[in-house]
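Next, two complexes with subunit A in common: one pairs it with subunit B, the other with subunit C.
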Partner chain A sequence: MGEITTFEQFLVRVLKIVFWLLIILPMIILPIFYLVYVLPVEFQCGFNLLTCAVKPNWTLAIDMFNPAEMNPFVSSSFISQLGLGANSMLFKSAAFPGLTFASVLASFVIWGERKILAKMQYRVGPKYAGRLEGWLQSFADLFKLLFKEIVIPAKADLLMFIAPPFAMMALSGALLATIPIGSSTYISNSSYSLLIAIALLSFFPIVTLIAGWASNNKFSFIGAIRALYQMISYEIPLILSVLGVVILTHSLSLSVIASYQTKIWYIAPMFIGAVVFFITATAEVERIPFDIPEADSELVAGWLTEYTSMLFGVINLAVYIKLYALSAIFTLLFLGGWLGPAGVPDFVWFLIKTIIVLVIFIIPRGFFPRIRIDQLIDTGWLWLIGLAFVNVFIAFILNSTGIL
Partner chain B sequence: MSLPVGASGLSTQQVEDKLVVSIGPQHPGAGHFRFTITVDGDTIVDVLPDPGYVHRGAEKQTEYRNYIQSIPLLERSSLTDVTNIIGPFSLAAEELMGIQAPPRAQYLRMIMSENQRIISHLYWLGIQGIFLGHSTMFMWPLGDRDIFIDLGQMIGGARITYSYWIPGGVRNDMPEVFKERALKVFDYFEKRLQDYERIFFANPLFLKRAQGVGILKRQEAIALGAVGPVLRASDVKSDTRIDEPYCFYKDIDFEVPSFKDCDTYARCMVHLVEMRQSMRIIRQCLDKIPEGPVKVKLSPQQRTLPGESYARVEAARGAMAFHIISDGSTKPYRVKISVPSFRNLIVLKKLLIGSHVADMPAIYWSLDYWPVEADR
Partner chain C sequence: MIDEDTIAFVVLSVLTIGAALLSLETRQVVYGAIALAFSFLGIAGLFILLDATFVALFQIIVYVGAIAVLIIFTVMVVTKEVETEAKREPFKPLAIGIATIVALAVGIVASLSNLNSKYPVGPTYAAKDIGIQLTEVYYIPLIILGLILGASVVGALTLVRTDRN
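What follows is the complex of A and B.
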């Protein structure tokens, strides 16, 4: 940040810190507020904390052209539920199944990733922040990033440069809205949630391209172009791999798909689809072996090169929230979602499965080098699309013979 | 990809859309070195290597120092390979002084030299791993390298710059416990090399990235004057330790690897085999080492005979040679260093043109180019 010599500089620094605290603190204050003030009142009214939502609504035959059901954000219930209770839309989207919950989970995923990789590589990993195995390291990094200066390149397009981090955060948050984490714990229960999730996932490379272009840096630009190339190679197999499950359930609703898996989890009949979905999801979140757009040894940091301070932090957080969302979608599609033995709340089962999937997402980083962009396109178009079609074929047979 | 529409409507003139990207000296994939690549799509069409960022005039500085004072200075040029860079200087100086090191010193030089080769190759392997995006292959070799640095410390006293190979012998004798410790380390490291092979050298994605990438054919390698592992990977069995044996290498039984693939994969495998062979050499040296003094007593102001001398050893990156001209005083009149890194640099331009941008770090580091050594 540099030395403070004038009052003006002091004012600027204070305003910057206040600005970021205003963005970060709601994530911390809101749940505390609810825990201390709102929930006890609701307990007194006979409210059940563990099923903190309206009764499950399994109305499957919803008119497709009903905009209120297509888009969770313009539904009429959004306005009616804008109260302050744990049942309100605000609490659900900002706190528990929504952004705060996912952010805290993502920060622990970052910590867990570092610890797991460290164990694989005979290192210690984060150790000192927090007494127990450095569990506060992500939060220490957050505060470090908060106090860093935001450097914007002189020839960057200012608006287009600052917009992508927030656009990515908004997209990740919107992605969370489509994910039901329990039979009655969800933000929106649209019958097209899977379709909405895939549509939102397609937005990310566009944001990446804007970020790379606006940075006015050659490395950023090459990284952004690579992100687009990567998208055309994984997007189609990703959609096709999901199609098998949709054929079996006749539904595009993630909650319906999850609730159909009482007899058998779809990972058994749809194993090929699960593998294709896993590989393409790894490419979607730009993780090794598919971290081609931000390949650090050839492109410095790819399209992230010019991002500093909290702009970088927000992008990083958004990417990890996206990783959580994809793991959650994998759990819902193939691992039976929240289904499990009774006795504990259903979203606990969901979280256990999701965390296992997250760990499986993390582990390849210790095993594999990065592959080349032309090899990824070859893999995507030659192998993954073919495998996805095989999967669709299997689903057709299972469905038409009435086995599933 | 060209834009036929110009500012004044349609035109047939092609618009230049090649991108010139500067790699280094502050790029994570370059080190103290810069090269400019011209990119057309995903293909590199031109390369302009620009060495010299860490030129310190080591050759000129030796003209103002006694022979013994030059040792710590020359070491700094190649911190991963300190024993081998001062080896030929000491050999050439001994020839001018008309002395020869005692046999025990010669064996100690071989032990230290091979230990240094393993240290250098492990450093190389770590960087090659992270350049391909394999973070485990970055952490493991750099961790295991510390054990060999500990071995060097037992003999040389320091961790990196032990100025061990001096004119007239070596600086000090090895401790009694060294043999036991070294054999234990080698047993451990041979198991680790199998782990390396499983996780990296036999990794299908590594094979995909390395095989058929950066092919340097046998004739081209000879014509361009490549040395060391780069030359051996191009199917030429060339090694100074065999061709012009110094110390007691002619009494030692070891193999020189060479591969017919001539690609990045072959260059990686040469390093792997060489680490095994280095351990084999040290094992034999520890069995054969005789008792006796380890250095000839020399004056700090040792005078030499007037004349010229030339000495060459096989360093970790290839043939390292010194040419010294002396006028009979206590200081050399002129010193010329021939370093393997600089001789392999010309190969970089040959290999990069026509390759993918993503293959650039893999090819670049497979040549084991060490900018500080090349700039002297």
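What follows is the complex of A and C.
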């Protein structure tokens, strides 16, 4: 900015400062407000957080602690009316098992991926952002993306070009709602959560196709068609591989499925199903060796070619949240979910298992080449569907003979 | 009278019918195909209102996840620049008016008269009940469906095998 000579420039400068303050202040003040006022009052309620925070019950709240000790500005009923308690739906879906948690985890997954791949290939990887091995690299990338210009191609279909990133983010966020990360830590505990997750996964091809078409770019459209082939043909083995576990547990609820595995994790009897699920999940999130839709050496960036700045960032974040959701579903279906030795909160076990699965998702990128599209279709329709049927038969035999 | 279910029903009906109308009336064919997907989605919401969550989820998986994708894909591949020209339709306002009046009349008569279903509001069926019914009562249709599905899977496998060689 140059010198201020006229009153208009002065006004513009002031308005800009006010604008940035309005953007930055909530990011600083709201967390401080939450830490100082909301959380202590929450913990005064004892462990009966649910009745205290979700359902404002005056008698209960008054019985539990002395109102005189409370902060005069913030009473617990005020907080619960705002819907800000640690067990309220807003907190659960926006913060802890929900979107913020998954986004932060996803950003660390991106950093970990770059670091692991670098170590595998005798490189250093991200180094300078953050003292410890460049652990702040994804946040640096985030700010870089935030300050870049959003370029929209002249002949792109504006509405259909802008909508897909946000649709993908919404779908990934909705996918998180189906995942229980602990026996009592969940956003929603539907008895159809597995089916809901599959239904949400079936939305992604449509969004991808629209994104590739609206970019009005040959690379984008070819990438979108490839993504469509891949997602449609790999959705069938994905559903079939899950079927075995459903036959064994007689349930479509992810939390019930996880809690059935006290005797044995289902990866032992359902090993074929686990392998098929793993491969199809790799294909669903378009990771190497199934990165045919993005194929950076042939198609620039596939269906993402025309996306710039934060639109690209949002899509990338959504894809990594989807990766987290799929590995969480793998953990719940085959690795016993949150089951583990007592002593620590159960979601810690869940997170340890999920992160191990995430690392196993990441590692193949270091040593696999990309497979061709015809090999992909053959693998999907011939081997994976066949193996998934074998898995279903194994589950059927185990179930009907009463072994499991 | 106006409770949450009624509001949800009205919103979902408007979404379903509006998207269906849009898919017929829009000049951009691709928008029409996408509107069709939204119409399917509205139908899934109506199923959820009827306490048939299982059917609603399969409505989404099959119609939005497969059929709408195929339609959109076909439309995108076939017509990129073609925009249908506006035809002269002199009787269109008249037709819309008559259709609206008839629909309103039927709706008013239906809501005023004491029309009830032959069966009272029945129990809602969970997925497990549907499975039990399928395997214990309706097992012959289930076996036939299974055979058809098996035949289609074998057909798909054969196609892939022949393509490979």
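Rule of thumb we're sticking to: the second predicted complex is superposed on the first by the 332 of 404 C-alpha atoms of A that agree within 3 Å, B and C clash if a C-alpha of one lies under 4 Å from a C-alpha of the other, contacts with A are read in each partner's own complex, and residues count from 1 in each chain.
FYI, contacts are C-beta pairs under 8 Å (C-beta built on N, C-alpha and C of every residue); 3 or more make two chains touch, one makes a residue touch a chain.
All values reported here derive from a predicted model rather than from experimental measurement.
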First (subunit B), second (subunit C), both or neither touched by A:20: neither
Subunit B versus subunit C as contact partner of A:91, first or second or both or neither: neither
First, second, both or neither for A:191, with subunit B first and subunit C second: second
Contacts of A:385 with subunit B and subunit C, given as first, second, both or neither: second
Subunit B versus subunit C as contact partner of A:303, first or second or both or neither: neither
Touching partner for A:366 - first (subunit B), second (subunit C), both, neither: first
First (subunit B), second (subunit C), both or neither touched by A:347: neither
Which superposed partner A:295 touches (first subunit B, second subunit C, both, neither): first
Overlap of subunit C and subunit B interfaces on subunit A (superposed complexes): 221, 374
Complex contact set, residues of subunit B against subunit A: 19, 21, 27-29, 39, 42, 129-137, 139-140, 143, 199-200, 203, 205-206, 208-209, 356-361
Residues on subunit C engaged by subunit A in the complex (per definition of touch): 30, 34, 37, 53-54, 57-58, 60-61, 64-66, 68-69, 72-73, 76, 126-128, 153, 156-157, 159-161, 163-164
Subunit C-touching residues of subunit A, taken from the complex the two chains share: 157, 160, 191-192, 195-196, 198-199, 202-203, 205-206, 209-210, 213, 221, 225, 228, 232, 235, 250, 252, 374, 377-378, 381-382, 385-386, 389
Partner subunit B, residues of subunit A touching it in the complex: 117, 120-123, 218-219, 221-222, 288-289, 291-292, 295-298, 300, 365-375
